[in-house]
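In what follows, chain A forms one complex with chain B and a second complex with chain C.
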Partner chain A sequence: MLITVHIRAFARFRESFGDRFDVEVESPATVRSVMLEVGKRNGQGVRDLIDDGGNVKKSVIIMVNRERVTGEARDEHPVHGGDEVALYPPVAGG
Partner chain B sequence: MIRVTRDEFDASALLEEARSGEEGAVVSFLGIVRNDGIDRMEVEAFEEVAEQELSRIREEAIAKFGVTRVDIIHRVGSLSVGDRIVLIVVGASHRKAAFLGCEYIIDRIKESVPIWKKEYTAGGSRWVPGEHE
Partner chain C sequence: MFRAEGKGDYRMLSGRERERYARQLPILGEEGQETLRSSSVCVAGAGGLGCPVALYLAAAGVGHIRIVDPDRVDRSNLNRQVLHAEPDISRFKVESAAEKLQRLNPDITIESMPVAIDDGNIDRVTGGMHLLLDALDSYPARYLLNRVAYQKNIPLIHAAVSGFHGQLTTIIPRETPCLRCIIPHPPEGGSPPVLGATAGIVGTLEALEALKVLTGMGDVAKNILLVWDGRSGRLDQIPVGKDPGCPVCGIRGRIC
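Then we have the complex of A and B:
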């Protein structure tokens, strides 16, 4: 079954993939499956997002429903239909 | 007050507001667009999360240092050299807590608040790298 996930992308990821859009992924979905789908939108930009092993790069910060997802199991973190997944590079404010 | 805004702000007025008599010390930090040979800077934020994170940092500073007043205003949008980017105003009973609290807040902003800067020069543009890449 396909589910719809709402994406927010910022800074260089916004430039590569767009700022707000939806993706459809197979359920059960994970941070990895959602990011692989996002990556399909830009053949160049995907290199900033996914490494050669198919893992989400550590330099990509991920939020699911406005909460940071961190740790070794991050790529397997579950994503549900209607969730908002945000991706952004390391911050540089102040 | 915690605010992420497109609008210019009056730093002097905010500093004056902090002189209520409740606190014996007020320390402020003003971040300014530096002339690094740039024409302008675009500041972008995940605004909803940035305000939430700034509020969290304010609570941390209150809990850690016992400061009693914290205002943080961060600009977004197009800024020129000399423009104000961020203002932090920290009030406490005594100076030590105010200094420590203010430094803590700017360091935490650079670490975790979803804000990014893109610099535009005559030759093109570049994203400012984070200090915690």
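Then we have the complex of A and C:
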């Protein structure tokens, strides 16, 4: 069954993937499956989001329903239909 | 909110100071201006962020600015590091910056330290400071500054930029999340492309934030990451919280 997840992207991810949009993913969904779907929107931009092993880059800030999701099991965090997932790539320059 | 009370001299403002600060005294009041004068602030980094930060703090009358950076001015810095100019190439950035800042405001003290922040000098870099400003370009140095800010209980303002984008948060030890809570895994390093105006906006935002932390005026960016998106001209707020497992400040963590 497909579910709809609302995405909110910030800064460079807004450029790459869009500002606010919906994606459809297979249920049960996880942060990983949602991010892989988001990554499909931009073949270049996906490199800032997903690493070579198919994991969400650790540096990326992910929030589900405005709650930060962190820790080793972050990619497997469940996402439900109607959830809002926000993503932001922190920057490093000075 | 933090105030630099009792840390400096409380002589009345001079006639020259009154004239210099005439357009901001109605905002800050004499007490606020004297608080700035008695404040000691460390600007870590004299690059894209450090230049506008130090410039506006010096202009506002922050009494003691310690600027720290090991690098020398390179021509490729000049698109964004606005305190340095063509004749400064090969000089230490902190010397170039200190000269301009002192010329701008001779009533304040500018201290320059041409060193790379490390475990061996971090005590000297942060000693006697009321506020630490992260204008660095590497996360290892940022994490060191963050750890010492927590240990010494000194507020820290974090900022970083890349391309059209930037971020900022204010860290009050034991009250807000620390930098490790907010960014536990640093983004890939290197030298990202940066538009000078981006560094100008985010650096100026950092200077404004510093003035607010020092004087206690307004709301500061506690528990939020301010995210500047220069392409769409938007300033977003991302809520951030303490990580109980944080190795620096977490209740389950430890000082490492």
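Going forward, the second predicted complex is superposed on the first by the 90 of 94 C-alpha atoms of A that agree within 3 Å, B and C clash if a C-alpha of one lies under 4 Å from a C-alpha of the other, contacts with A are read in each partner's own complex, and residues count from 1 in each chain.
By definition in this document, a contact is a pair of C-beta atoms (placed from the backbone, for glycine too) under 8 Å apart; a residue touches a chain by one contact, two chains touch by 3 or more.
Please read all numbers here as calculations on a predicted model, not as lab measurements.
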**Message:** One more residue to check, A:Thr70. First (chain B), second (chain C), both or neither?
**Reply:** second
**Request:** Return first, second, both or neither, reflecting whether A:Gly53 touches chain B, chain C, both chains, or no partner chain.
**Result:** neither
**Request:** Between chain B and chain C, point out the one touching more chain A residues.
**Result:** C
**Asked** Now for A:Arg12: first (chain B), second (chain C), both, or neither, which partner does it touch?
**Response** both
**Request:** With the two complexes superposed on chain A, say which partner A:Gly43 touches: chain B (first), chain C (second), both, or neither.
**Result:** neither
**Request:** Identify the partner contact of A:Val91: answer first if only chain B is touched, second if only chain C is, both if each is, neither if none is.
**Result:** both
**Fill in**
Residues on chain A touched by both chain B and chain C 10-12, 14, 59, 61, 63, 66, 86, 88-94
**Asked** Can you list the chain B residues touching chain A in their complex?
**Response** 31, 43-46, 48-50, 52, 74, 85-86, 106, 109-118, 127-133
**Request:** Could you pull out which chain A residues touch chain C in their complex?
**Result:** 10-12, 14-15, 19, 58-59, 61, 63, 66, 68, 70-71, 86, 88-94
**Complete:** chain C contacts chain A in the complex at 45, 47-50, 134-139, 159-163, 165-167, 183-192, 194, 199, 225, 227-229, 231-232, 236, 238-241, 243, 245
**Residues of chain A touching chain B in the complex** = 8, 10-12, 14, 59, 61, 63, 66, 86, 88-94
